[in-house]
Amino acid sequence: MTLNPPSLLIYEPLVRTALIEDIGRAGDITTDAIVPADQRNSLALRVRQPGVIAGLEMARCAFQLVSPMVRMEIERPDGSTVSTGDTIATINGPARALLTGERTALNLLCHLSGVATATASLVSAVKGTRAQIVCTRKTTPGLRALEKYAVRAGGGSNHRFGLDDAVLIKDNHIALAGGVRAAIERAKAHVGHLVKIEVEVDTLAQLEEALALGVDAVLLDNMMVEDLKQAVSIARGKAITEASGRITIATAPAIAATGVDLISAGWITHSSAALDIGLDSV
Amino acid sequence: MTLNPPSLLIYEPLVRTALIEDIGRAGDITTDAIVPADQRNSLALRVRQPGVIAGLEMARCAFQLVSPMVRMEIERPDGSTVSTGDTIATINGPARALLTGERTALNLLCHLSGVATATASLVSAVKGTRAQIVCTRKTTPGLRALEKYAVRAGGGSNHRFGLDDAVLIKDNHIALAGGVRAAIERAKAHVGHLVKIEVEVDTLAQLEEALALGVDAVLLDNMMVEDLKQAVSIARGKAITEASGRITIATAPAIAATGVDLISAGWITHSSAALDIGLDSV
Amino acid sequence: MTLNPPSLLIYEPLVRTALIEDIGRAGDITTDAIVPADQRNSLALRVRQPGVIAGLEMARCAFQLVSPMVRMEIERPDGSTVSTGDTIATINGPARALLTGERTALNLLCHLSGVATATASLVSAVKGTRAQIVCTRKTTPGLRALEKYAVRAGGGSNHRFGLDDAVLIKDNHIALAGGVRAAIERAKAHVGHLVKIEVEVDTLAQLEEALALGVDAVLLDNMMVEDLKQAVSIARGKAITEASGRITIATAPAIAATGVDLISAGWITHSSAALDIGLDSV
Amino acid sequence: MTLNPPSLLIYEPLVRTALIEDIGRAGDITTDAIVPADQRNSLALRVRQPGVIAGLEMARCAFQLVSPMVRMEIERPDGSTVSTGDTIATINGPARALLTGERTALNLLCHLSGVATATASLVSAVKGTRAQIVCTRKTTPGLRALEKYAVRAGGGSNHRFGLDDAVLIKDNHIALAGGVRAAIERAKAHVGHLVKIEVEVDTLAQLEEALALGVDAVLLDNMMVEDLKQAVSIARGKAITEASGRITIATAPAIAATGVDLISAGWITHSSAALDIGLDSV
Amino acid sequence: MTLNPPSLLIYEPLVRTALIEDIGRAGDITTDAIVPADQRNSLALRVRQPGVIAGLEMARCAFQLVSPMVRMEIERPDGSTVSTGDTIATINGPARALLTGERTALNLLCHLSGVATATASLVSAVKGTRAQIVCTRKTTPGLRALEKYAVRAGGGSNHRFGLDDAVLIKDNHIALAGGVRAAIERAKAHVGHLVKIEVEVDTLAQLEEALALGVDAVLLDNMMVEDLKQAVSIARGKAITEASGRITIATAPAIAATGVDLISAGWITHSSAALDIGLDSV
Amino acid sequence: MTLNPPSLLIYEPLVRTALIEDIGRAGDITTDAIVPADQRNSLALRVRQPGVIAGLEMARCAFQLVSPMVRMEIERPDGSTVSTGDTIATINGPARALLTGERTALNLLCHLSGVATATASLVSAVKGTRAQIVCTRKTTPGLRALEKYAVRAGGGSNHRFGLDDAVLIKDNHIALAGGVRAAIERAKAHVGHLVKIEVEVDTLAQLEEALALGVDAVLLDNMMVEDLKQAVSIARGKAITEASGRITIATAPAIAATGVDLISAGWITHSSAALDIGLDSV
């Protein structure tokens, strides 16, 4: 999967909001008091723990919204695997702008690199299998497009971006519809020809029913490894298989070994730790 | 510290943005296809691991923006310590609205409860000392006011909300000013009478210099416990003392035992795991 | 396909913008001068030519943004086929609000009903065949979700909502990629598992190439009916077939008779005439 | 009337909204997958049917919001009458930006050129008379300033831009006021000295009453040609005369021949067909 | 002139912005700390100096955006002339909401009442003459529609609301056009039939030239009273006359006595003092 | 206090809103009709009465939002004391842009310079004493950050920017809390370590009580000069003292002579007259 950052049209409003929530009404009173307006500075974005980088363009955007005179030179682009001490970019410009923009830029960069790093760790755990790591809609409010991008930077693939770009029939839908068949039939009658349908199944019986009706993908939720293996074998050639539930670095290899196509994990977006990146003197 | 949620004026735009990023242009096509428009439902917000709750009002806001007919009854308000299986609220209303709003509501609630839970764990680690746990500006872009609130829900206290409500002189400012004295003097000349000044010091010499000039608080960054103890004793009665750097559940007790007033930790906002909360049948 | 209007979250900003562009800074100076503030009125939305209705909820939203005291009772809901003189809804409330909101409400309702009516005419032209009428991305700027809804109200189905919810490889992409194969392979490597891929083909050779690589749908652009028939037969069971180019009420039946799955037409959204609907005394 | 496009301040938000509704959350996944980031391209905006151009600056804005590196050279500016095959502008820049911006740019340009072309056809039908073609407030929600501009590009003139820049007393107002006199008197007492007053009259008696009270213009709605002729002769030198209702290319010449000053038609904005313009290889 | 407040659609965004700039990120920390959440209160809006009231609906909006539970009962509506000590409205609701909304509500109410009071003082100074007091475009950024309304509340009339609702040819335009004639002719050729034209003239010669070309109004800027008298006599029956420049309570009577139709003054909007209104215990 | 203008991020939205409220939907129809698009012009911003300048960057922003081709050269920067006739800046660019942007730019500049001038007059009245002049939250809705900046330009200092950056306990809070002690104790328990607490006291008894509990500042509201002198002497070394109420140029010297630290006045922001500045030929 090629790694393209989202369009500035998508993330610039968030970066602007983040800057405004930091500078408030009175601005960076510490920097304005202490640092002369004409002082310039050069700083390096340096990682303090190993990981995978994502978010450099968003960091650049933050600095340049503070001052268009800031320049950033990227040395290790998004998607790079880095080691402690690596310089990933250098920035220079008015010293005030670098200090005022620093926290917002780092908050974006460290968070997104954290998501990329968590994803990469899971990708690495299933290396050698056919399983792809995918994210979920369990993302931070307002940051979905960016976190989905960070997942790609970490080597993962993206599940739905929202409720509207694919059908995912869950247990609640099945219960309210009165069964797998009714749910799938209603969905097929409702959506356009470019919309795929995935259905969550909890048992092999449900799986057979769903496959018989024809769906694009099946979500095998919280199945034991043995059941998963059987489900994958039943679905082979008929639908994409996705395993979810209790996915960790420890459990992922066995799950991947079942031959499942996709392994989805919410925690890579909602519970990953920020990657420690600092802004140091060059 | 009393626990008041932020004004709806502050968080409603974020909740709206989060809903729109989930429903996209075509809306919740799965639910619209499968669930009849007039079906009603009652569901329970139930926790799946122990923790501290924060974000119920934001979750309510999410559901009610989808449909003003949704009602939520809170059983365990924000700030409550909960156990696995506890029901924290029940919601009822149009079944479609519950399903469409579910993910956005949970993304807010689980994230903020995660911050509250992380904070509470650190608060608990320093129990019995005078030390208060405080957050930093290392927050998720767009969510600062909410994460600061979650820190309060977890028993912590809030540091600056932004660059404009207090002066915090860091090493970079000192370097650019040419020393602690110049930095503090410039800050004092610049700010209004209701703005406090805190200065980061790395050595006891810097500490003495800062205290001599008169500051409200000193940030003792990454000091060894022995140095910290000495610093606290020097600063006693002259300035509030804050310890930061490498704060963990394991290191916090010893740091707190130095008598420091505040312990600040970025990870409670930027690296806490979401608390697992689900929306189940009643 | 069930007919659900989009969420208010999606269209309320447009309705608000439309009202503000009509009332400007000084408001409805004619009505404010002439009509007493406490006068109430009842009016009927009546169609002046046969057609299909779409947009009643958006019209209601317009009136209620002017005054929450306006009530609308719908007699012929969206999707209804109506005749000249039919009353589709009655509204009552403050006379000023009815007059001030009238133009914005009608501009929405007449435009969307025009799209629904145009769609229905094309749907009717292919009745008895398997062909579904679908819209395109040739929509009015800012109104996409509403026009897509109007297409559904007219009995049509929706193609992509935007550039991000499905892959549609056009001639330009093929040219820049250096061929059908390269384009399809790059797309497959790039997108997630819930994204469908459609490719535009101009010749039967290109069609065979695309089908061999495996795609979800093929867009048969501007093909002669004979070629179309052959293409449909080649693609049967392998991909959904979509015909486009020079689709009119006159040409549609023959195109539909080829057995094609979908017929797409841009003019149902970009060139349909508004349906004449007025606001009359009851 | 000189032809000045509206200020970018007015239309940039609409263009931005239109782009965002097209690129969604995930962006142009087809182009991002297939076209290399550093590929450049040159394309020509070419008309596929005769007409009048409007909207080139809005199209330029769309491309440049996608990438500031796109350059557009205009060959046939807005207001030009063009023939099939004419190149109206060439654009060059990053190939991705051209493809991603194409649909939004064309949606704006084809729609506005359609309005200009419809206007021009009506202008042409009344050539040689004193009658000017004017638009109404029956415009597409969100596009009023742009459609008013397109009317000017087609040789027409603009009626009110909204409810607030002139008084237009309609039959509903007269009914609620209890007569023409009361309506006009209230309006005169209400508005500032730079606001003109126009009143809709259905009969010659109402016309005389309005003229006696002094109004700036009279709207002669749906009058037979003979009555119109008489009305024009009565109003000459006392008020501007405007004819409206059932205006078509066929009926316009006879109406214009009555000597009326203005002929207004809603369909030039609400029911004109888009002009077919494509983006071709140079 | 009837006194209608602008639509909520127009001023609600300003009130919201004003509240957010007051409550910031952390909210009303004083009130939240001190006042119990369930405490209710009743307060009276009481004037502390004589004047004319404007802005009660905007004040109500401010309180109700803080809490929809606040109720306001108006005793002296906008446009009322009040004396020191008069209660103009009582409000009751949650004590916190009253305290948090107080400053924003009063900032709006005191400012607008100040504009109304200044206007009324000038209206009073020209009582008994035909002269109407009108405002200008010298308004506070973001508050134009509200200040224009306050002028009406004070008994004044409104000039243009913006650059787009009437033509006002000033000395700069005349200079750039190369003379009065060219300027007027270009304007007439440019604008629609419902747009009035006013031209600023500095000399009687310019006045004659403008009148000969036919304009709706003439702005007689900074003329001596004698010249003004002559100008009014020349223009009578041909154009509305407006005097401007150095208008004060002291100079207005003599200027009005010249028979001029309108007297415009910028200071009633840009330099009026706020009316002192407080929120007291009932 | 160093004079730094707020970040463009803070004031650009206001300037944009102000421009849009002036140009409306149809734009500057006078200028567009009369002034050729390619004409250029140079003009000077010249003061017509003595005062202190504030707002040049906001004026520049206004012109450049109309056209990025406008250039402004500042001769007398914000904070300068100027005399009648002084040129404070020259601007050149497209003649249309200068005329279209003029009023918005001047409205900002004249208003903010008015605030700066009023502040400077009060600062001058207390020269030679220790008293600093501070503003209040009685600012124009939407302009707080700019008016606070103008106060600094006039030599004043800033009080709170909003309800959230410091605690200010007023008489209403004390009444609702049931006394000074309860109010102060609740506030101390509620706020973070970088938030200062000021309390309004009306009597010396309240003052003693507040000082005993420890507060950062005391607001001595409407005290007679003798009481004020005593209060200042009691508070010396224990809290910052602020006098407020009935502050005028005439009363300020005696109040300042009491030794009070701060004198706050609402009228410098809510009731200052605009400074007369015009845009003249160079």
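Just so it is clear, A, B, C, D, E and F label the chains in written order, and each chain counts residues from 1 on its own.
By our rule, a residue touches a chain if its C-beta (ideal position, glycine included) is under 8 Å from a C-beta of that chain, and two chains touch if they have at least 3 such contacts.
Quick caveat, the model's predicted, so the values are computed rather than measured.
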Shared chain contacts [chain C and chain E, defined touch]: A, B, D, F
Between chain B and chain E, the fewest steps along chains that touch one another: 1
Minimum number of chain-to-chain contact steps, chain E to chain F: 1
Pair with more cross-chain C-beta pairs in contact, given C-F and A-F: A-F
B-E, A-B or E-F - pair sharing over half of the C-E contact pairs: B-E
Centre distance in Å when chain A and chain D are each reduced to the mean of their C-alpha atoms: 45
For chain A paired with chain C, centre-to-centre distance based on mean C-alpha positions, whole Å: 33
Shared interface positions of chain F, touching two or more other chains: 2, 21, 23-27, 32-33, 100, 144-145, 158, 161-162, 164-165, 168, 186, 189-191, 195
Topology of the chain contact graph, where touching chains are joined (line, ring, star, complete, other): complete
Chain B-facing residues of chain E, complex: 16, 19-20, 23-27, 32-33, 37, 65-66, 100
Chain C to chain D touching residues, read off their complex: 14-15, 17-18, 21-35, 39, 41, 95, 99-100, 103-104, 106-108, 110-111, 114, 137-145, 161-165, 167-170, 172-173, 175-177, 182-183, 186-187, 189-191, 195, 266-267, 270-274, 281
Of all residues in chain F, those that touch chain B in their complex: 1-2, 132, 134, 157-161, 164-166, 168, 186, 189-196, 198, 216-217, 240, 242, 261-262
Residues of chain D touching chain B in the complex: 21, 24-25
Residue ranges of chain A touching chain D (in the complex, touch as defined): 2, 4, 6-7, 9-10, 144-145, 148, 158, 161-162, 165
